[in-house]
């Protein structure tokens, strides 16, 4: 007996590229989109800071006549002025530039250096791995903040030294993460299968290791920027980061300490700026993690 | 089992040595001559050389490092450039404050963080869960020093409930302890929650349910015990973060602990003090991690049996 | 007391996920008598596990729902039972064993503890020594020396772990055992051993069994009756002889048996059934098998077939071909 289906083609599914499916899953995560939106606004404000305020006039030069103005929409200072008469809003958005710049740059440097070390150790194994990891173990035994403060202690305060301290202190953690990632991938059966087919090293690295390792790496990097912003502001707060009069959220809080009782807004506002940036980055990092490997989601 | 402990403890020594080497190296990059700082620019070269020898600053790098290690093993960490007192004395004076703060801190983290994390996981998707997760995220995103300042503003200045500085009574420790432990609590809530959720998704939970076990029995007997294993390790990490965060908390609340010693030491370029204090904290953290690892090996039956 | 232990009528089960509704079971009916073993056969995704989970109401909390139908255990509709009543049933009247022994046991409890747990849950007044006795007996029943009861699951091999799982399931001597692919994760030789064990215990305790499997060889060894499942429905149902021999079969059953390579003939290619099982979020109209069936007609695409009784009462086929 023959039937209708004799000549019918079986249905196939259209394949989405990996990047597309990651973005598709990310878009569905509302919190992650909120984080992205928040970060976008912050970057926008930081980049277009000159449109809102002049660096010299508003953020840096002192104007004793305008001291301690309360925040209001009427007097042209929506976040008020500080004890030197500087516009707080201007200082916050220029401060954002510093946080984002130092945070992003230091993480990129740490990630690049850490990835190189970690992937060499993970991929080649053996003695190379052993020596590198002994070194990393010692460095990892020292908490990141202590390592950073030691470097700042040696080099002195200032933005450039801060950048060096943040970059170097972040390298051990990235090497550890990347090494673990590479080892994990290397031991999976699809890599074993590729080797069994005669695939050479370079191709394995390019087609198998890198695509699988890069996802977790980006997630870690995003979360690392969040931590970096907290560290940068902490170091500046204790006077070991960016030097005055450069506006930075942490040093703004340090200066506001003595005015806490009478002018609480000077303490509240920069703190909220830090908190919002970190929340945004954490939401994005978590969202990326869920989008890249949905199996990890609860 | 004893062999395993001894092996781990012995492996600690090269790491401690390594830590001291790294810190020593970094801090000897300091530009500027400490002798000039102490004696001033007008001192004669002979006087400078004499002081240099006295402080152990003569000789090449490795000579100095070697000398440092030998002295350290005898408890001699040099003298503070600022106060002239032996560094070991300064350390000893400060350790109790930091110690007290950390113990209270980790106590709060465990007693509050774990239960909230568990409840949040059991009641996943409920309002309580969402509030806890959101709260944990926000608190973990706050800068520690800002939290400290806000607490001072509210509880010291406005409500006058707790003092902002000093170490007189137990009241002095309340705000710093809260500040110190807040992020730890937030982290532990998130980690406990995700560990519980992971544990509850396992197949053996389904087996337990198929036996006729009720929710309480499943949670306590099956999910919880399995979930708490990785938490032990996380508590160790938390402690480490808390110790290194002491720098900030002690500065905000003007507490005379190891953390604020490091901060003032760095500001005043008092290198011997900084080296010793940083090494001390790093070593303390390594020891704590070692203890945590050993505890974990003992309580996980899968690892314990491989030791036999 | 009738001989019918379990009777399922027109069961419909869905999973309401964030993305779509999954129609897992779509109008399922079968009966299991006392002491009988029913084999539930089908490919992955047919809805077999869902059926078993529904009986014990172990579906994932917010997502799995029984929308229609009744499940009668000794005449009582347990879809309407309270959670408390279900807990009394689970492990005592009806037990379930799952596919993967590697993950079914709690790694940080001793196996003695885990067997004792089911005994304690259903015998709250028993003394410690009584429980201990019964644990020993359970272990011996499955061929594990009682002095191993202080050991942890990771110290046992896969086959032995599955024996522990069976010991737990049968500790309270249930009337019905739901076995979801109990031997699939095991080596072939161990498979044979475990099956032997199950058959032996079944005889001894007169337990009925619902054996879920995709392996027709296993079915042939141990089952009295067979139900072939496809896309959430039973498409053919009958005794072992009726399914394995005879001329009249559902086209899917034909395909299943046809896909088994013949040891005696030399073949160049295997004979799979063309196509894939339908997407359970988007089931086809009419007969759910129609787009893969080589006998498909216009009627098949449009109307759902009825259950047709073939010569005698026990053999049932859900197909328009047999509907005169």
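Should a chain be cited, it is by its letter among A, B and C, assigned in written order, with residues numbered from 1 in that chain.
What we mean here is this: a contact is a pair of C-beta atoms (placed from the backbone, for glycine too) under 8 Å apart; a residue touches a chain by one contact, two chains touch by 3 or more.
Computed from a prediction, not measured in an experiment: that's the story for all the values here.
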Inset, instruction - Give the label of the chain whose average Cα location is farthest from that of chain C. - result: B
Inset, instruction - For the pairs A-B and B-C, output the one whose chains share more C-beta pairs in contact. - result: A-B
Legend entry - Averaged-CA centre spacing for the pair chain C and chain B, given as whole angstrom: 54
Inset, instruction - Between chain A and chain B, tell me the centre distance in angstrom, where each centre is the average of that chain's C-alpha atoms. - result: 23
Legend entry - Shared-contact residues (touching 2 or more other chains) in chain A: none
Inset, instruction - Over in the complex, which chain B residues touch chain A? Could you list them? - result: 15, 18-19, 21-23, 26-31, 124, 137-138, 140-146, 149-150, 152-153, 157, 194, 197-198, 201, 240-241, 243-245, 247-248, 251, 262-263, 265-267, 269, 271, 274, 278, 281-282, 285-286, 289
Inset, instruction - Report the residues of chain C in contact with chain B in the complex, numbered from low to high. - result: 56, 58, 62, 87-92, 95-96, 98, 100, 103-109, 117-118, 121-122, 152, 154-155, 165, 168-169
Legend entry - Footprint of chain C on chain B - complex, ascending: 125, 202-204, 206-214, 217, 221-222, 225-226, 229, 300-302, 305
Inset, instruction - Write out the stretch or stretches of chain A touching chain B in their complex. - result: 134-135, 137-139, 141-147, 149-156, 226, 230, 233-234, 237-240, 250, 253, 256-257, 260-261, 264, 267-268, 270-271, 274-275, 278-279, 282-283, 298
